[in-house]
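The following pair of complexes shares a single chain, subunit A, combined with subunit B in the former and subunit C in the latter.
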Partner chain A sequence: MAPLLSVQALDVAFQLPEGEFLALENISFHIYPNEVVGIVGESGCGKSLTSQAIMGILPGVASIKHGNISFQGCSLNDLSSREWQELRGNELTMIFQEPMTSLNPVLTIGRQIAEVLKKHTSLSKIERKQQVIKTMNEVGLPRAEALWKAYPHQLSGGMRQRVSIAMALISRPKLMIADEPTTALDVTIQSQILDLFQTIKQNHSTSLLFISHDLGVIQAVCDQVIVMYAGRIVEQGKVEKLISEPKHPYTQSLIQSIPDATKRGQRLYTIPGTVPHLQERQVGCPFSNRCTYKLKQCETSFPDTYEFDDGHTVACHLFAKEGDGN
Partner chain B sequence: MIKKHRLPLYIGLTFVSIAFIMMLISLFYTPYDPNAIDPTNRLASPSLTHLFGTDNFGRDIFSRVMEGAKTAFLIGTVAASIGLFLGFLLGASAGYFGGWIDELTMRFIDAMLAFPGILLAIMLIAVFEPGMKNTVIALGIMSIPAFARIIRSSFIQYKSYDFVKASIAKGGGAIHIMIKHILPNAVSPILVAASLSFSGSILAESGLSYLGLGVQPPDPSWGRMLKEAQPYITSAPWYVIIVGMVITILVLGFNLLSDGLRDVHDKKA
Partner chain C sequence: MKPLIEVEEVKKYYKQTHRQLWGKDSLIKAVNGISFSLYEGETFGLVGESGSGKTTTGQLLVQLLKQTEGKIRFKGKDVSKFSAKQLKAWRKEVQIVFQDPYSSLNPKKTVQWILHEPLALHKLGDKSSRYKKMLQTLSDVGLDKSYLSRYPHELSGGQRQRIAIAAALILEPQFIVIDEGVSALDVSVQAQILNLLKDLQQQYLLTYFFISHDLNVVQYFCDRIAVMYLGEIVELGKTADIIKAREHPYSEALFSALPTIENSFAVMQIQGEISDASQFLEGCAFQARCPYVYELCKREKPVVQKINDGHLVACHRIQKRKEEERVLS
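Right after this comes the complex of A and B.
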């Protein structure tokens, strides 16, 4: 099966007054139809930047230096702005982290959801409204008729995030990117929204790129997981395999720091140190100064990617085979 | 507390409403024909028959003030609309696109601000000819910088909001986002600017007409009435006082209104 989205050897650089810094290096992954792929990592690892690169909404100071992103077989790198407008919202869409700010405060909910249909379809006003009400019911928004006329400030955070999901879902996109869609919500609402994503996964033929810093959340919805650290992919594989047999020391630490019932009463594990800042990244493996298994070569060169069965890959010197040299 | 806070808004609204109602009534009815000359009754002091007295030709000042309200509102509305429209085009594109477009537009606005607006208006009127149409155009151009700067700052503020990114992610184009998403959010500061521009235009028109450059006879104008009243400032002081008061009330009304609107807007933010 051909992948829906292919990211190949993507480098994204920030143009800062102090010079040019690579924020994403050598990012490669595929998303297949109907697949849910999760990206996990701490803040500042380049998760959101990856999603912005795919949507073509990189901030002004960032640009793609190298590599290719292709969607349904055609490259996104050289689309005209008109072609982008056709693609976005129609086949490729995004859900933002903050439901408080991602809705326009002065427009009604109904109008905002219908906007996508107005842009991408030739439905009449009444047909659009029917479609919107249907989608609102589908994402679990009660009293859709009344909410049609409501403004965002009249809704709770969870409801607003449902509205964002309805906006993304209504055009039946091929790929939805959800950038930390549950981070701004409290835990009970978070689990409701995750259930909603499960339902969407079952009922729609939509692929999903799900970004989160929480492996627990990723585990609940994803098939495939990508672990990112300091702008690099360090491990990638099937979710069960990655959680049960994590290979990279960083993934192991992330899993160790998920709270669960068996760890009751103990002090929760935290990874010492922080993610190096963009300007402070040096040669070698960026995780080396926080890694308990650090080898000599970790400080001098970034490891190659080693592949295991089932497409599980890891970038770590610990897995270098004998005779691989450096 | 709230009442005190809104007081300027209510006073402003009252003043503007009084003038507006006077203008509306003048469309159908004035106590006397504003241009009817009565040489036997020149410079009569205010009385029940002539509420504001009569002028040097014996015309009823109250009727003429009502008639002049039409000119004032017409000039205020049209000049503010011209300023708003062109100011929006310049300010919105400068704020939204940024970069060299912003730089170019704002330097142009700076150049306009560099010399007093009234001089610009006098220059325009001198090059073309005095009259209602050219006065309105000149006053409209005069009010562009204020609108452009306020609209630009709103657009810079809102363009970084997530809902703008969300709209881009749904396939929204630049013009769609500017008009459908950012403009409705920027209505409050634009209203404040519009009401200030309104009063500024009325005052500037009075000034120009006083100098004989603005509205020409037979179009009625408060500014020209002020000029006509000047020679009789000692013999018929009510003439100049009444016309001056009327201009003051309308201009003050709009200024208080814009202050009040700004307070209401800030309170919310």
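Right after this comes the complex of A and C.
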């Protein structure tokens, strides 16, 4: 099966007054049709930047230096802005973290959702309204007729997030990107929204790229998971396998430092040090100065990616076999 | 054991002036009659959804807000009866750490100023002893003296939160309210701060009132947990009891909604969202979302029931079950 989206050896650089810095280095992954892929990592590791690169909405100071992103077989790197407009919001859609700020406060809910259809389809006004109301019901927005005329400020956080999901879903996209879609919500509402993603996964042939800092949330919705650290992919694999048998030292310590009821009375495991800033990243493995298993070569070269069964891959010198380390 | 703080039927109401012309004023019952005691050296967790009144409760405890009704006693003394002088002296004993270390530290002042200010306000010590105290507090929170000359924007989120904790700690308080103190931090930094808070508690015998919406953190960190819904405490008990046997349907829904890496699917899911605290209903606050709702719940407020020592629940269902048990025996 051909992948829907493939990102190959992507480098994204920031132009800062101090010079040029690589914020993403050698990012490669695939998303297949109907698959849910999660990206997990701490703030500043490049999760959101990766999604922005795919959507073609990188901030002004950032640009793609190297590598290729292809969607349904065609490269996204040199699309004209007109071609982007046709793609974005249609086959490729995005849900943002903060539903407060991602909706237009002066447009009614109905008009905002219908705008997608107005741009990308030739449906009549009445057909658009029918379609919108159908989608609103589908994402669990009650009394769609009444909500049609409501403004975002009249809705609660959970309802606003459902509106964003409706907007992303209405064009029947091939790929939806959700950037921390439940982080701003309460647990009970989060659980409802995660359920909604499950239903969407079953009822539509939509792939989903799901970004979160919360491994629990990732486990609830994703098939595959990518662990990022300081602009690099350090581990990738099936979600159950990766959480039950993490291989990379960073993934291991990340899982160990999550507090929960079973760790009561014990000290939490902490990773010494902090994530290096963009300007302070050095050659070699970015995790090396916090890693308990640090080897000599970790300081000088970034490890190759080693593959295990089931497509589980790890970028760590610990897994180099005798003889093939250089 | 004598409690450090006793909270008795505390209420905090806000008047909301009418929104429409000729409309009526309404009352927002942010905190609606809560009672509990805090004991020396314990960590008391308060959980609930946004809008349930957690932050208001925390601010009432340190008297950043004045309660509409009810009593708060600190070591047996009613804090609302304190004179201005007594209140200032008392403020040394109780401190608060806020959620967002980005907005709770003055961006125009150095760490030295931020740590010096509380000492100056309370006229404690002279120049050299203040400097010594600042250095000691910094080392308590795991930072060194090079941080004194820095501004908040030069620090990472974790370092800022350490400074906020240092500023609360420098007056040697007995009681600290931590309002979502680790929520804005990454998991690895959060673990560092939680360990730090544990160490400080042992070192200085601190009592924590720990407000959080993150149930993983609360279950790990707290000795007792109170669950709040629409301004009322619906369940209160030792953490082990709350983890093992939750009785109130809201606590059950809340805790089972939590996706953890061990268990990612909710056992029980509740529909709808927390209602507006201004639309006050008769009877139980949770009736609109409760899957077990009885006729009685819509008429009468449930009375607090004791399940076992220190485990309290306010629910008609438990009340009914208890009555049945009584009849059988």
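Note that the second predicted complex is superposed on the first by the 316 of 326 C-alpha atoms of A that agree within 3 Å, B and C clash if a C-alpha of one lies under 4 Å from a C-alpha of the other, contacts with A are read in each partner's own complex, and residues count from 1 in each chain.
The working rule: contacts are C-beta pairs under 8 Å (C-beta built on N, C-alpha and C of every residue); 3 or more make two chains touch, one makes a residue touch a chain.
Computed from a predicted structure; not experimentally measured.
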Subunit A as common anchor, with subunit B and subunit C clashing or fitting: fit
Contacts of A:T251 with subunit B and subunit C, given as first, second, both or neither: neither
Subunit B versus subunit C as contact partner of A:G89, first or second or both or neither: first
Which superposed partner A:R267 touches (first subunit B, second subunit C, both, neither): second
Subunit A residues touched by each partner, larger count belonging to subunit B or subunit C: C
Which superposed partner A:Q161 touches (first subunit B, second subunit C, both, neither): neither
Touched partner set for A:Q192, first subunit B, second subunit C, both or neither: second
Superposition-derived angle with apex at the Cα centre of subunit A and sides reaching subunit B and subunit C, degrees in steps of 10: 80
Contacts of A:S212 with subunit B and subunit C, given as first, second, both or neither: neither
Partner chain(s) touched by A:P105 [first = subunit B, second = subunit C, both, neither]: first
Closest Cα approach, subunit C to subunit B, once both complexes are overlaid on chain A (Å): 12
Footprint overlap on subunit A, comparing subunit B with subunit C: none
Of all residues in subunit B, those that touch subunit A in their complex: 161-163, 165-173, 176, 180-181, 184-185, 187
Subunit A residues touching subunit B - in the complex, by the definition given at the top: 55, 57, 81, 84-90, 93-94, 96, 98, 101-107, 115-116, 119-120, 164, 167
Subunit A residues touching subunit C - in the complex, by the definition given at the top: 42-43, 156-159, 186-192, 194-195, 213-217, 219-220, 243, 253-255, 257-264, 267-271, 274-275
Residues of subunit C touching subunit A in the complex: 49-50, 156-158, 186-192, 194-195, 198, 213, 215-217, 219-221, 239, 243, 253-254, 257-262, 264-266, 269-271, 273-274
